[in-house]
Structures are given as C-alpha cells and as structure tokens.
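Note sheet for the following structure.
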Amino acid sequence: MDTFVQQVVNGLQIGFVYALIALGYTMVYGIVRLINFAHGDVFMVGAFIGLYAIERCRLPLFAVFLLAVAGAALLAIVIEKIAYRPLRDSPRIASLITAIGVSLFLEYFTALRQVFGPNYYSFPRPFAVSSREVCGVELTNLQTIIFLTTLGCLALLYYVVHRTRMGRAMRAVSHDHVTAGLMGVNVNLVISFTFGLGAALAGVGGVLYGIAYPQVNTFMGVMPGLKAFTAAVLGGIGSIPGAVLGALIMGQSETLTAAYLSSTYRDGIAFVILIAVLLLRPTGILGVPRTEKV
Amino acid sequence: MLEVKGLTKRFGGIMALSGVDLRLREGELAGLIGPNGSGKTTVFNVVTGIYRPDDGSVAIQGEPLVGLAPHKIQRMGIARTFQNIRLFRNLTVLDNVRVAYHPRVSYGPVSALCRTGRYVEGEKEIRKKTMDLLALFSLQVRKDDLAGNLPYGDQRRLEIARALASEPKVLLLDEPAAGMNPSEVKALMEFLLEIRRRFRLTILLIEHQMRLAMGICERLIVMDFGTVIAEGTPKEIRNDRRVVEAYLGRASHRDF
Amino acid sequence: MKRISALARIAAPFAAAAAAGYLLEATDVVNPYWVQIFQLACITSVSALGLNIIYGFTGLFSLGHAAFYGIGAYAAACLMKIGGGESHLFFLAALAAGSACAALVALLVGLPVLRLTSDYLGIATLGFGIIMKVLFDNADSFIPLLGGARGMTGIARMTTVPWTVVILGIVLVSARNLVRSGYGRALVSIREDEIAAGTAGIDTFRYKLAGFVAGCGLAGLAGGMYAHLYSFLHPSNFDFFKSVDVLVIVVLGGLGNISGTLVASFGWIFLLEGLRVLLPPEYIEFRWVLIPVLLIVTMLLRPQGLFGFREFRFFREEAEP
C-alpha cells in the first residue's frame, strides 16, 4: 500500500508538469481553435533558458523562472504574430500545418550547432535533492517545489481568468471573437496575451522538468507536448480545469503503468485511456459539446 | 400522409417543443408559422431525424420515423431545405443535385471502379435527370459554377432542386423566400404550386413572409413556445386573436 | 472483339510503363540511388492518396496514417518471409494481404472512432498511431520474426520499378474512377456538410467508414511495397512524424486533389533528397530548417495548397465517352 501511494505521488510530479503545458494548449485552442503543435517546443525553449540561466548566469531560482517565463512568452507572441495571425481567416488546416512547420523549425533550428546544439545536455540542479517522510510517503523537496510552483501558477491563472478585465475579455473572445470585437475588445491583444500566458506556464514547466529530469535536448518537447495535448483533450479541450484533470490522469497512468506493468508500454497506455474516455464522452471529461445550430 | 403526435424536445433546460401535434394530408400545401423561437425549425429537425425527440411520434403514411437516421428517413420520402442554406459549397451546381440522386444509383462501387457499361449508363441517367431538374429551375447554365459562388436567390433555389432530386413525397421548406423581394416571392409562389402538381408533392413550409404564407398555403399551423396554438385556413388564422397576440404581444389587437 | 481492343487500350499504358521501368532498372542510365528515390516517391504517393481520400475527400481528420502504413509493411513482410521466398506471385499476394490487414484494422478502429468530431477524431487517431508504434516496438515479444525495436531485417527486395509504376498507375486510375463517380461525390458531400448529406439520403456513417477503410488500405499497400524496397523495417519509420509527413504532403498538394497529391509527394521526396545532395556536408542539418520554413511560407501564401482545386485533365474525366 505504501508503494502504491508512493507511485501516486510520483505520478503527481509529472502530472503537474504536464498540467502546466496542457493549460497552454487548452487556452489557445479555446480562443482560436488551433492545435498549437509548436507549444511543446516553447516548453523546450523554456527548459533551455533555464539551463543557461542556472549554468552560465548562475541566477537564483526565482530569477530563472522569470527569465524562462519572459522568454517563452515572447517567443509565443512572436510566433502568433508572424505565423498564425495571417491565417486566422483561412481554413483551419492551414494554421495547423503552419503550426507543424513552426514546431519542426524550432526543433531543428535550435539543434544546429550554432544555437543550442544537437546533443543531450545535462541540466544543472540548483539544489541538492533531499527527501522527507510525510505520512509514510517519501516526499522530495523537488516534488514539493513542483507542487507548490504549479499550484501557485494555477492560482495566478484563476485570478487572471476570473478576476481581471483581460480574463473576461479572454472568455468573451473564446465564445465569439467577432462579437467581442464589436463590443470593443481588442481581439488581437487578447489573443497575443493568451498565447503569452500559455507559454509562460510552459516555460515554468520547462524549468521544472529540467530540474526533475536533468537531460535536455531540442526534441524533448515532442513527447511531453503530445501527452499534454492529449491530457487537454482528455479533460475537455478548452476547459482549464479539464486540462489540469487530464494532465493528472495522464501522469498517474504513465507512472502506474511503468511501475506495475512495464515501462515499454508506458507511452501507449495513456492513449488507450484517452480513446476509451473519448468513446464514452466524445468531448472529454469536462468538455462542453459545441452544439451546432441546424 | 405525415402525422406528428405529442412531439417533445428539450435542450438542456429549454423546452424547444412541448407536445406538438401536426397532420398533413396528401397533396396539401401547408404553412408552419409563428414568432421566432417558437420551435418551427426544431419540428423539421426532429421529423428529418437530426434530433431525437424526448417524447412523441412521427409517421409517414403510417410508417414510424422516430429513431431512424436521417438518410433512412429520406428514403421513406421526406426531403427538406434549411433555414441557413446548407449547400455543398465547394461542389458545382451539377454535383450538388447529382449527390441527391446517388442513393438510388444503378451501379455499384465495383462498376464505378472499372467504369463498366453499367456505370456509363448509370451516370448518363443521373446526368439527364439532373439537367432536366436544373432546367426547371433555370439553373442549367450555371451547372459548372461552384454552389458557394451563386447569388443568394439561386442558392435557395438550388437547395430546393437538390431536395427534389431526392424524389420525395413530402417536401419541407424552411423559409424558402428569405431574402427575396416581392416579385421573386410571387415567382416562388407560382413555382411551388407548379412543382407540387408536377411531382405530386405534399409541402409544408416555414415562412415569415406573410404574403407567401397567406398567399398559397391552404392551411396554416401556428406555433408559439414549442406548441401548436392555432390551425386553420389563412382567413381564420388572420382573425385569430391568439395568433395576433403571439406575434405582437398581449396588448395589441391590430389586425395584420 | 470490341472488348479485347478496349482491354488492350487500357493495358497498353501500363505495359509501356512497366517496360520503361524495367529498362530503368536493368540499365544503369540513372544512378540506382535515384531510381530508389523515385520508387519511394511512387510509394509515398500511394500512401498520400490514401490519406487524401480519408481527409481531402471525406473530411476525416486522421493523424495516425503511419500506423496503417506500418501494419501493411509488417504484415506483408512477415508473410513474404514465412512463405514467399522470391516468388513474384506470392509478393503480390503478400501486398494484397498487407493491405487487407490494414483495412481490417481500420474497420475495427473506425467503427467506434469515426463517431467523433473532427479535432477529437484527429487526437484519437493520433493516439491510435502511438499505440501502434508502441506495439511495433514490442512486437518481437509476440512474434519474434517482426523484430521489434531491433528492427526487421532480411526482407526480400521484391519491389522492382515495373511493379512500382504499375501499382501506382492502377491506384491512380482507380482513385480517379471512384472519386469522379457518384460514390466519390457522396464522400465529398459528407466533407462539405454532413448534415445536409444525411438529409439528402447518404448513409454518412457507412460512407465515412468506407472512405477510411479504403484510405488505410492504400496506406497498407504502400507499406508492403516499402518493406520490400528497403528490406529493413524499424518502428521509428511509423511514428507520429511519419503521419505528419504524409499530412503535410496532402495539404501542400491541395485537399481533395489527386494531381496535387501526386506532385506534392514527388516534390517532397525529391526535395528532401535533393537538399541532402545539394547542401555542403557541414550544413546538412539545415535541410530540416529550410523545409519547415518552406512549409510555413507556402501555407501563408497559398493556404489552399499548390493545386487548390485544379486537376490534370485525366483526373477530371468522368465517364469514358
């Protein structure tokens, strides 16, 4: 029983990181109906920014986070302006293919020797990992940091979305961007803000991931990105609580499968769960079906 | 011909239909009218199988329809047009109508694959039927135009043509005169009478334009808040206080 | 007599293509490396055409196409290894079997999954693709012959140029025939407006399933051809990136456009190889930096794809006069 709870805690560790990434996917999809394939790579850039901030600049941890957040947000806003905005009125598949193009570009461009480089790089741990026993479970300080940071980010996100004007504007634009625009909302600004906000969370996630699994590489965002996106769909794409729920489920299924079944099936099991859920609830667990007016 | 009994449909907390009863006699040309939001299009959607009712029954010539998929309902003889025009926008005018003939196609996929004689004959037949139908609507010159590029009025007529290509017994038209000027409405009225005669149809139309509704409908069915509030000839309906109130609100007694 | 001359008319271009292919392979007029690339382009066209039927024509957003490519590849290779030796007849049977396997799996997957709407269908097929990749990685624990993560080696090199061009030719003609018939129009009507198609009498679920199965069957066929071209299979050939590759080709060429798919497949493969040759060795990684840039620029300038709606005349023809 102890080990089971232990595995659950471990599952929460990766689950929380997935949540930070998943939120970006769900918010962007909610507002522009785009599957932002490049989001996983923004996460990767966040991790690399963290790497350089700790290793080269020797910055304290909170500064590292700030830098990663700023860098990731800036990157996402630039991408949106150059690659997605011009296609907003074109068929959706064109934006999707462009997103794929941006993703590939980020992965391979940063893999050039002149940029980040093609190898696996070791992410420096800014603190020694220690663990403490809490209620019969081993809790590492790393996990505590992940939990607290993520919960803090979620609280901040909740505040922004529900208690600020920008948040209200975000919700309006995601319902109907034409009408929101007619009501005086600066739609472009809101969309840029949403991209930036999602990327900021991914940036935090990137740093946390780097600390937790200290091997970074320019393709490191592919699988976590895919899984986080799946998590967002699982929870109901467009729903913020759904993204968190889906991510936690993904984290748990992965960890428990690796612990009790076999680690080779780890990547597959999450998708089996996804398909099972979609068949029962076609719009995800907390998703709201979009009824089409006939 | 068409019998609807006690039709009920809920959307979340909203009762779109609360017990609708409706009967169409064979060959009839009837109108379904009522204020916006009264549930008229919902009736169409339930009858054609797009929504499943929570309660009630629909039958065509005695055959029950509830629970059947839209394409099965079509095969039983019901065709419709849509309030918001649902054409196949990237298909040509010709193809839009040809698709509707496809369910009764005389060749199978293997014949199509090998382009056998049967396929050629079948395609010829469909093409002829389509061109004849388009000629009726004066759309044959536009046969290779994309449906999405047609002027609005032509789009509406194309939708009716597509519905007729399904060779139905009952035709449900959802606001066929929307966006038309008075002379176009007059032409449409004559046209509807003509196709009813030629194709031996039973027609039910939803309309807001009273000239059309009062002009050609033999019987009017009035809905409000999801239920039928009155039924009768145009003359009777015009003078029915409940109808006037439904449209204009309780305080008004003005005759329209 | 008329029948025979009609048949001869149809068979002639294929025979000519096969003969040309044979010459291409037998003589060394062209560097065999490029001949193989040409064959890869043909095979990719078959697979891409399959996805075009699924997505371009029927409107089903499938992100797991590579999985069916893999199923066809492994199934055909397995059968060929077990019983075929070097027999060309067996090879054709193995290809058909591989295609049938892919089609069968598509049927089983499609039945539950095709009820989902567009983006959700995409993610479900993506998930299926990843599940298959994981199964391919672990395949050697059920069937050691399949090699698993170590790869499957020793597959007979049966995909000759004549076979490649003849099969591509048959697939192109079949696709054209189907697409320009009432059946093709029914598929497209579902893409355009599923609800209107339903009320017009089209059994939308059945057609969606048929389109999906047909497209995946083509992917399986292409996979079988691929297996016997390079004689080596590895699960990494059938991952999400591969599904993305073929999606890019289909969108670049123009959704629902056969000519576009053909040109884009050849263009993509030759561009990839061309850049590998053109770029100086120190800059070889720039290949994958240039390609996404090209992709982005193309989408920004021509979102409807290179061909949009225009087709080569052959593919527009409806019935034989």
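For reference, chains read A, B and C in written order, and residue numbers begin at 1 within each chain.
Criterion: a residue touches a chain if its C-beta (ideal position, glycine included) is under 8 Å from a C-beta of that chain, and two chains touch if they have at least 3 such contacts.
These numbers were taken from a predicted model, which means no experiment stands behind them.
Compared on C-beta pairs in contact, A-C and A-B come out with A-C as the pair having more.
Among the chains, the centre nearest to the mean of all shown protein C-alpha atoms is found for C. Averaging C-alpha coordinates per chain places the centre of subunit B 41 Å away from that of subunit C.
Centre-to-centre separation of subunit A and subunit C, using mean CA positions: 33 Å.
Separating the centre of subunit A from that of subunit B, both taken as means of CA atoms, is a distance of 48 Å.
Contact of a single residue of subunit C with at least two other chains is seen at positions 195. Taken residue by residue, subunit B touches two or more other chains at 50, 82, whereas all remaining positions touch fewer. Multi-chain contact residues of subunit A (touching two or more other chains): 294. The part of subunit B that touches subunit C in the complex is made up of residues 48-50, 69-71, 73-75, 79-80, 82, 86-91, 95, 98-105, 107, 109, 112-115, 119-120, 122-124, 126, 162-163, 165-166. The residues of subunit C lying in touch with subunit B in their complex are 174, 177-178, 181-183, 185-186, 188-189, 192-193, 195-205, 309, 318-320.
By the touch criterion given at the top, residues 291, 293-294 of subunit A touch subunit B in their complex. Residue ranges on subunit C touching subunit A, taken from their complex, read 112-113, 115-117, 119-120, 122-124, 126-128, 130-131, 133-135, 137-138, 195, 240, 244, 247-248, 251-252, 255, 285-286, 288-289, 291-293, 295-296, 299-300, 303-304. Interface of subunit B with subunit A (complex): residues 11, 41, 45, 50-51, 82, 84.
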